[in-house]
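Contents: one structure, followed by commentary.
Here the chain labels run A, B and C in written order, and each chain numbers its own residues starting at 1.
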Amino acid sequence: MSLLEVYDLIKKYYGLVAVDRVTLSIEERELVGLIGPNGSGKTTLFDCITKFTEPNSGRVVFRGREITGENSHTIALAGLVRTFQQARIFPRMTLVENLLLAAQQHRLPYEWSNLWDRSEPRKTEAELLNKAHRLLEWVDLLLLKEEQAGNLSYGQRKLLAMIMALMPNPQLLLLDEPTAAVNPLMIEKIKSVIAQLNREGQTFFIIEHNMDVIMDLCSRVIVLDHGEKIAEGTPPEVQKNPRVIEAYFGV
Amino acid sequence: MFFQHLANGLLISGIYSLVAVGFTLIFGVLEVINFAHGEFYMLGAFIVFFFAGQIGLSYYWSIPLSILVSLIVGILAERTSIRPLLEKSFESMVICTFAVSMILMNGALLTWGAEPRIIQSPLSASVSFFEIAFTYQRLLVLIMAIAISLALHFFLQRTKTGKAIRATAQNKEACLAVGIDIARISRLTFSLGIGLCGLAGALVAPVYSVFPTMGQTAMFKVFAIVILGGLGNMKGALLASLILGLGESLIAGYVSATLKDGLAFLIMLSILLLRPAGLFGRAVRTL
Amino acid sequence: MKFKFLYYAFALVFFAVLPLLGLSSYSLHILIMIGIFLILSQSLNLMMGYVGLLSLGTSAFFGVGAYVSALLALNFKTPFLACFLAAGLSSALLAACVGIPFLRLSRHSFVVGTLAFLLICDLVSRNWTAVTRGPMGLPGIPSPRFNIPGLPPITITSKVDHYYFIFILVCLVLLLFIKLINSRLGRAFRAIRDDEVLAKSMGVNTFKYKWLAFIISSFIAAIAGSYFAHYIMFVDPLIFDLYYLEYILITVIVGGAGTVWGVVAGAFIFTTLPEFLRLAGGLRLVIYGFILLLSIHLIPEGIGGIINRGLKKRRLVEA
């Protein structure tokens, strides 16, 4: 059973097809990249999978269960967590509060029964705080833990957004352009964080424009163009694929 | 008798529509819930009272003067209160219009007192067609309301500026992309909305009495109208004005005059609970 | 952190001892009113400042609480505490019911809808004369009486008694409010305020939490209303007047939506200001209108926000 299976997903906006019958699957422990020219529907695909947009048709199956009809918050609680392109955080809450919020709603371990089972305890405040401190330390933000998140620099926000997504121990993490608009040193930091987590067993599905990141991190790459999946394979394979080259360079 | 009630209903609908359409325009383009809207209606009526009733100017001249004063106050309010906040949250602007409403209403209360004032119109003579009795004043209101609705329709559908207004209400980013000056359109729309209000107040002043809280009373009806028609929906506002106006008139005629205000209440309650988006839904995008 | 404790302790002692310093009946009255509107303002503060929803229906629940409490006391001779709690609970139930359709509305329609709800309550109280006696109102609401087993029955009649009751109530409400804000529930509320879409992506059922906030907020407003009714011993439809809404709006906005102590300060300022201004009612509201306008433009975070920025201490408590 794959961790995530997407079947024939279609999303149209008044005649423009943003996602055109996309079918894919992600296995556990994989680090898969999603690339494509601007406007090829990558973020829309994420939105459809996590129900931030309602797809027109298609099915999404997560850990063997159909989540096509679920709400965005339920999907998150099931262990499918996503980040946003714009490094969204809660500006008027402190870093610690941001992290606590990120995990407080979740019941771990992720069992479907947990969503409705009131007898399963959620993590205690102490456990959450512990984890929050560890994550903050890992990305060198511990000293700023009581700062309002709105005061952080863009790069720091990106890091915060990423560790927020990690707080609930997601089964699958959908990262939307984790290195966009970030300076090279920070890019290396983010890459190493992702790589290490993947080594420890975290599954990732990442949208990226930065080819170095894709090449270095991903074991498999999916390519979208105009909403259609045009190629899939290892990074070197995809790099040489004529359809991919055509999509990017219009040759 | 029925036609009399119908005619009265049309009259009321006409007034409601002038105020409601202005409110809807302002909401559609500026995304502001103008709580002070009713106060501009009240202002229009009081200015007429001031010029015609207190100074002794002719009623006919009072009308354009009233619109002018309403516009000036409106533009002042827009410039100082609303414009600076357009980037901030919608809630801030709502509170601002609330504050403006407080200032205007209590200002009027201070200036003229709470006693209802009567204005004598030169058009108080009656005329009858087919068993329907109308004072010329009421006829004027009705004709003006219809004429303005038509003019507005023509303006919004056929003229360049009108289309720009509709475009801004639909999609601001796209407007920026095609070079429409949103700030100018916003100012224009606000002035238009306020002007309509002021006009409605000026026309209505001799028909009913004038008092500082009449804006609040009118807004109650306007809220019922926009709740029924859908916030931001022009056609909805027009249709809902018609429904409410005719409904009230018929209830006043056949059931009881005191119960007519209950219709607005009933509409509000049932729509909010059963179909909160209104009969036609919203025409405004939200994130 | 120890210093904070000292401030609280000092304030507590100060206010506890205040009446013993021989204040006039009128001053006590002002303080009592401050207490009542402080509580009501926190109800609005919860919705506006901590969830991010402009709920203009807050003063509707104030009135509902007042009427329920009054009706129970007058018609069924219910003891005060029962009236008080019943007012809160029935208001919460009402909020639970109307909250469901209202919270599905867009932000804009929600504002219009809650205001319409206030106007509807006003109309109902005026016209349902069989129950509310319409504009004549409900006079003669009995003073609060407590029958605690073992102790002689306590009746709150004098201003000093009322002062101590409201003082205890205010302390309780503020304590619970602060606890709420810093709890998981409070964090969920603030997350919704800051970024609702992001909150959803973190597993927050935003509809449910907005609904819960609406219910809690109405409970707080209703108990303020209930006590108000028993203090002035009279309720009439004017309790739904926009005057109260404007009053708490200015208190929350100028005090600082999203801060606890800012709103407390706001309640003090706007209840005592009229005494210093000593102006006719109409001008006062005009001035308030201008203050509100200026405040929104110049100090949008309110007094509380400015103090928070000024202090810039490390804290886990958002106050």
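Just so it is clear, contacts are C-beta pairs under 8 Å (C-beta built on N, C-alpha and C of every residue); 3 or more make two chains touch, one makes a residue touch a chain.
From a predicted model like this one, the values you see are computed outputs, not experimental measurements.
Asks: As a test of understanding: of all chains, whose mean C-alpha position lies farthest from that of chain C?
Replies: Comparing chain centres, A lies farthest from chain C.
Asks: In terms of C-beta pairs in contact, which of B-C and A-C ranks higher?
Replies: By number of C-beta pairs in contact, B-C is the larger.
Asks: Please compute the C-alpha centroid of chain A, do the same for chain B, then give the distance between them in whole Å.
Replies: Comparing mean C-alpha positions, chain B is 49 Å from chain A.
Asks: Just how far, in Å, is the C-alpha centre of chain C from the one of chain B?
Replies: That gives a centre separation of 33 Å.
Asks: Distance between chain A and chain C based on Cα centroids, please, to the nearest Å.
Replies: Whole-Å distance between the two chain centres: 42.
Asks: Can you pull out the residues of chain C that are in contact with at least two other chains?
Replies: Expected reply: 197.
Asks: Going by the contact rule at the top, pick out the chain C residues touching chain B in the complex.
Replies: Listed in rising order, the residues are 48, 52, 54, 98, 101-102, 104-109, 111-113, 115-117, 119-120, 123, 127, 197, 242, 246, 249, 253, 280, 282-283, 285-286, 288-290, 292-293, 296-297, 300.
Asks: Along chain C, where are the residues that touch chain A in the complex?
Replies: Spelled out, the residues of chain C in touch with chain A are 184, 187-188, 190-191, 193-195, 197-206, 258, 314-316, 318.
Asks: Which stretch or stretches of chain A touch chain C in the complex?
Replies: Touch residues, chain A against chain C: 50, 52, 71-74, 76-77, 81-84, 88-94, 96-97, 100-102, 104-106, 125, 146, 164, 168.
Asks: Quick one: which bits of chain B touch chain C in the complex? Just the residue numbers, please.
Replies: Chain B residues touching chain C: 27, 31, 33, 80-81, 84-85, 88, 90-92, 94-96, 98-103, 106-107, 109-110, 216, 220, 223-224, 226-227, 231-232, 261-262, 265, 268-269, 272-274, 276-277, 282, 284, 286-287.
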